[in-house]
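Two complexes are shown next, each including chain A; its partner changes from chain B in the first to chain C in the second.
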Partner chain A sequence: MSGPGALLAVLALAGVAIAVPWLTPDRLRSPLSGGASALLGLGGVAAGVAAMGGAGGVLTLPLVVPATAGLDPVTLAPTPLGGVFLVVAGGVGALAAFFGIGYAHGPAASRTAWSAYAAFLLGMLLVPAAADVLSFLLAWELMAVASTVLVLADHAVRPTVRSATLWYAVMTHLSFLLLLAGFAVLAAGAGGTAFERIAAAQASGPAASVAFVLLVLGFGTKAGLVPLHVWLPRAHPEAPSHVSAAMSAAMVKMGVYGILLTLGLLAPGPQWWGFGLLVLGCASALYGVLQAAVNSDLKRLLAYSTSENVGLIVTALGVGVLLGDAGQRRVAEVAIVAALLLVVSHAAFKTALFLGAGSILHVTGERDLDRLGGLVHTHPFTAISFGLGAMGATALPITSGFVAEWVLLQALVHGDGRADRLIAVTLPLAMGVVALTVGLGLLTFVKAWAIAFLARPRSERAANPDHAQGSHDHSITMIAGLVVSGALVVALGFAAGPLSVELARAAGVGGVERVGLLGVAFPAVGVLLEPAALTLLALAIAVPFAAYNAVLRVRRPRRDTELPWGCGGVRTSPRMEYTATSYAEPLVRIFGASLDPTRQLTVEHPEGNPLLVSRVTFSQRLVDVIEQRAYLPVKRAVLRLGDAARLVQNGSIHRYLAFSFVALLLVLAVVSL
Partner chain B sequence: MSHDLAAQLIALTTGLLLLTAVQQLWLRSVLGSVALLVVQGAALAGLVATIAVAEQEWEALAMAVVILALKAGFLPWALARTATLTRVHDGLDPGARPASGLLLAVLLTTVAYVVSQPLIGPNPTDAARAVPVGIALVLLGFLILLTRHIAVSQLVGFLVLDNGIAATGFLVSGGLPLTTEIGVLFDVLLVVLILRVLTVRMVRLTGGTSLPELRELRD
Partner chain C sequence: MNAAVLAVLAAQVVVALALTPLLIGVMRQVRTRLEGRAGPGVWQPWRDTVKLLAKEPLRAAGSSWVLWLAPAALVVSSVMVVALIPLIATPALPLLPADLFVVVSVLLVGTVALALLGLESGTAFGGMGSSRHMMIAALVEPTVLIAVYALSIPAATSSLGTIIASRLTDVTAVMTPAGLLAIVALFVVVLAECGRLPVDNPATHLELTMVHEAMILESGGRDLAWLELGSWLRLTALLGLVVNLAAPWGIATEPTPAGLAVGVAAFSVKLLAAGAGIAAAEVFLAKLRLFRVPELLAGSFVLAFLAVTASYLVA
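Moving on, here comes the complex of A and B:
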């Protein structure tokens, strides 16, 4: 399909997907609306593929815009780089919509919610397609408003939804304001709003730095970079899971796209730009993974893990910028490819994880890991898909996450710090941060997967899923969504070569070669990865063990034994196993200072006997330290300001009249001067 | 009408306008300031009639009649009736402070003279020369509105303010188009009638319309 055709098709499909929920009867609403949204997503993928091939096309929208000087027409013209994000947003949106057909129920399956989902998807598709500031900001706002409506879906059931939505709305509009200011600086300098014109102006100097800071902060808010991440751990758990998947896997990527766009619009800047990105990325990665490791709310954990992964992406971008400035273009290109690989892989595995979490929530009504367990027996599809997603998140071979982090480490290892002291110090530190992040990530997802699926069920609902109150059977679309997203995590890892080459071409960088059918090589740094060979190696190690096991099983069939005298050898009860909280306890101990845990231990004694213990209760509350120390003081100050405003607004009509009177006198005085 | 006569009549009517406004600021009696409104409305009607005859705009003459009927007749009557209905206690407004009121009146009138210079221009007509009175009336009306506590006396302030606006309009431009003037008049009429109904109801509900007692904000 040619470029403008694909864009027009996306707009038409969006119109249909937004209208369908209002036109269909209740019974068919979810299948038809979800199907229409999924088609819209696939349309986005098609447009993205066309754009990546350089045939993005140009579509000028006939929007009525006040004819002001310096305002270029509203145009959609996806670049190859935008194409990558179109594919990501479209693919994730389609999968989540498909999953949502079976998953959404209650308010999440209402007309408003499905319509908002289609609008949200359209916003995400228009952002990377926008070719000027105005259309970009319009699409951005569409995305923000529609997602706010979606987060709000369950507000009648859970009161926490409202406060989460409030946080989200405030942060997302903060982001919009910062972007508006940043783009205004750029547009004023370039004399127009088209990205082409702004890029041609090659802004530099203090104005460029101001725009850079504003835009990176604005996009960082959307991307969930620490310390602007506070909306993520609130909004993601409260939104319906397919929406969380779309928000986490696709929407936060628009922040990353924005940072890439910013770098493309500005001339190479001072060294602190790259350094700033690197610091921001490393801080997000570390803080995100640390919070994820100690959280036992499954969706909150995934939200923090999003912060972590975006942190890694921005770290890769920072390394790319830093090395590019230092003249090491070839290594910088590896870092940029790593960033894009991270984007794609995070989109794949976070979709699988959030859909898996949604599936767990759907059948048990629980998202607290401390109350889950044993789901591998009852829900194998969910277990496998979530497991594959977890493997991707922990960068185990041979998933897409592994390929991406391997490339990132190559860039870090091969960066040459001999000429520049700053690079010499930061690259090894960044490497350490990445290593620590990956390690803690492993811990996080071992906890998440093993305790939810392998451990013994810790609650009635977990033990008897599907019978829990208000839960529903898995529909075929949910299983399909889970399987496809899980398979994608592995498939993208196997297709490391073709994927890397395509991403590098879209980003306009070289230095990547395909080796054989699937392998990838970076001649500039002299490294090579062959997924097929890696798999063969893994099989060569695993097959003998499996064979040995099989032989043993035949020779000595397993017998269940009940020990007459237990002495601790009896089969463990759920209370004797690790909980999510106890598994992460050593971490809380080590990082106590930055986690600030509040613990409460109550020991109850039977009456009249202080030596015996009848009951022990333990509870632990972890707070987001950044939220406590940075945001709440601001909130309190705003409230104080609001209280102070009562001096002005006290309900006395005399005072209001006095304001008008003074204003009148002032106007008269000004006029007469 | 001779030029001199017109000039003297304008001076007389605007003088009356200013005098009544200042007196209203000075008086504490609610009914007294309502009575002064009659004089003020008549003066305004006279001013409009004078300008109409002097500039031979006969439409404005009709306007003068309407103004006389409404501002010197109906509105003061409606206010007086409201005052009786609501049984304004002892007929005095606790917000009125004669001494400081007069002082402020002097100040505001001076301000009006100073700020109206640009409106008058270098070669003023007789009417334009009196523009400061109109503006002073606006400011004094505002001051009454601002300081009085009882609803009826606030309405008096509102009407003085409106008289000021009308006077300024006529003095500057010889009157606005008839439809606009009538529209404004009926707006004022509506405001007064609605507030009258509200005032009566408020008195029934709360036993008074003293504003300091009615200042709790509710969501």
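Moving on, here comes the complex of A and C:
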């Protein structure tokens, strides 16, 4: 497709997908609406692929714009870079919608919810297609409002949904305000709102720095960067899981797109821009992964992991900007490719993980890891798909995450610190942060996968899945969604070469080549990675091993036993197993200062015998330290201000009339001056 | 050329497989002798492995495919690491360089396999070992990468073969402060990663202090044999990497038969000597309390970080 055809198709499909839920009977609503939304997503993918090939087309929307205000027409014209994000948003949106056909029930399958989902998806597709500030902000707001409606879906069932939605609404509009201010600074300087005009103006100086800070903070809020992440761990767990997947895997990426857009609109700035991005990214990565490692709520854990991954992406961008400023363009290009690979990879594995979490929630009604276990026997598809997603998240070979983090580490290791002391210190530290993030991420996902799927069930609901209240068996669409998203994680890892080359071309950077069958090479820094060769080596070792093992198996088959060792005792209760909380206990101790856990341990003794123990109670509460220390004081101050305002409003009509009279006098006085 | 390099990879695997039980045997024997006991001789790990391989494994009710997949994943990943790391010769296949980050990722597959196995058994011990193992792995990660980063700066590459080859040609590079700091840091993390004292006691059983043993407690028969062999191979690979970085002499830079023979001999001597040294030192060391381990690892991280900044700012 070329020209505006793909864009028109997206708009038409969106119209259909928004209307379908209102026109279909209840029984067919989920299949038809989900199918329509999935088609819309695929349309977005097609438009994105066209845009990546440079044939995105231009579509000027006939919206009424006051001609005097210095506004350019509302135009959609996706750039190749926007095309990447179109593909990501469309693909994730389609998969999540397809999964939602079987998953959504109750309020999440209502007319409003399905319609809002389509609108949300449309918003996500229009953001990277926008070619001017006005259409960008309109699309951004559509995305924000529709997703707020979706987060609110279950508000009648769980009261926590309401507070989560409030947090989300406040933060997302804070983001909008910051963006409005940032773009206003740029548009005022450029004398128009088209991105082309703004980029041509090449803003620099203090105005550019102000716009940079406003825009990065605005986009960072959406992207879930620490310390602006507070909405993520609240909204993601409360939204229906397919919506969480779309929000986490696609919507937060729009924040990343925004940061890339900002960098493209501005002339290269002072060194602290890159350094600031790097610090913001590293802080998010570390804080996110630490919180994810100690959390036991599966979806909350995944939400923090989103913060972590966006942190890694922004770290890569920061390295790119920092090295680009220092004149090391070739290494900077590697970092930019790493950032885009991380975007695509996170989209793939976070979809698999959230859909898997949704599937667990669906069959057990639980998202507390401490109460799960043993699901690998009853739900093998979920186990494998979630497992592949977890492998991607932990950058194990050969997955998309592995390739992306390999490229990021190559960018870090090849940056030359000899010329600049700041770089000489920041690059190794960034490398340490990335490495620690990877390490803690491993712990997090070993915990998440193994506690949920292995060993024995830790609760009645996990022991008898599918019989949980209000849930039903897995439908074919859910299984298909799981399998496709899991397979994508691996496929994108194997397609390292073609994927990297396409992404580099879309971002307009060079220095990437294909090598071998599927491999990727960065000739400028002299490194290459060939997944096919690595697989061949693994097979060359695994096949003889398997053959030898098969011989051994024939000779001495495995024997079933009720009690292998059990440390000398009969296994009594699953309560003796390690839980997610106990798994992370050493970390909570080590990082106690930054996690600030509240623990209570009470030991009770039998009457008159202080040496024996009759009962031990332990409870631990972990809170988000940043939320506690930075946001709650502000909230309390606002509430106090509200209380103070009550002093002048005592309900007396006479007093209000007096206020009006004084106000009138003031106005007259001002006018007469 | 490529066929010769393939032969090198195969030779590395064979040598490592043959040498690894001997390395463990030597380490145990040195330790027992220093403690005034007779010891079973250096070939005991070989005999143990052969015996375990012939025995049947058990499957507990409620266990899953992780039970047999984890030992297999551990062995395959360990053997891959042994093939990738330049142990006896530095040349690598053009499409399969001994890239540091790839090696670390493959090692992590084994780490994760062990941790999953620990949780699979569903006993308190397994979970405890798994949790501690992953915590140590997570804290080790930054030091490993930064230490090799420091060593890679003079060679400007993350390919281990090139780094070792460049250290071989430039003897002064081996003795720079940055290089020494990095080697010390790397050595500490190898001890931690392979479960040696003072981080984990390889000789301990059924104590609340154990890490590695706790995870494999429920495995038996050939599962146990593979788990032990896989873990030992990791020690061979990592210790081999450290000795080759610290003292690269003897490693072959060309895949010729004569060079390989020298490489094998030099590697065997270096590895066994390093193993004997570690075992001798272990006699005088007590295991650190688990929550003191992060301090040790943080110390090694600082060394590695100093090594990087030193090689940028001093050189």
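As a working rule, the second predicted complex is superposed on the first by the 639 of 673 C-alpha atoms of A that agree within 3 Å, B and C clash if a C-alpha of one lies under 4 Å from a C-alpha of the other, contacts with A are read in each partner's own complex, and residues count from 1 in each chain.
Everything below uses one rule, namely that a contact is a pair of C-beta atoms (placed from the backbone, for glycine too) under 8 Å apart; a residue touches a chain by one contact, two chains touch by 3 or more.
Since the model is a prediction, treat every value here as computed from it, not as a measurement.
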Name the contact category of A:N650: first (chain B only), second (chain C only), both, or neither. first
Which partner chains sit in contact with A:V671 here, chain B, chain C, both or neither? Use first/second/both/neither. first
Applying the touch criterion given at the start, work out whether A:R558 contacts chain B, chain C, both or neither, answering first, second, both or neither. second
Is A:A658 contacted by the first partner chain B, the second partner chain C, both or neither? first
Figure out whether A:P206 sits in contact with chain B (first) or chain C (second), or with both, or with neither. neither
By residue count, which of the two partners contacts chain A more extensively, chain B or chain C? C
Quick check on the output: what are the common chain A residues between the chain B footprint and the chain C footprint? none
How about chain A: which of its residues touch chain C in the complex? 373-374, 376-377, 394-397, 402, 405-406, 409-410, 412-414, 417-418, 421, 424-425, 428-429, 431-436, 438-440, 442-443, 446-447, 449-451, 453-456, 515-516, 519, 526-530, 533-534, 537-538, 541-542, 545-546, 549, 552, 555-567, 571, 574, 576-578, 582-587, 589-590
Show which residues of chain B lie in contact with chain A when the two form their complex. 111, 114-118, 135, 138-139, 142-143, 145-147, 211-212, 215-217
Considering the complex alone, what residue numbers of chain C touch chain A? 9, 13, 53-62, 64-66, 68, 72, 75-76, 79-80, 83-84, 93, 95-97, 99, 101-102, 105-106, 108-109, 111-112, 115-116, 119-128, 130-132, 134-135, 137-142, 144-146, 149, 152, 156-159, 206, 217-218, 220-222, 290-291, 294, 301, 305, 308-309, 312-313, 315
How about chain A: which of its residues touch chain B in the complex? 649-654, 657-658, 660-661, 664-665, 668-669, 671-672
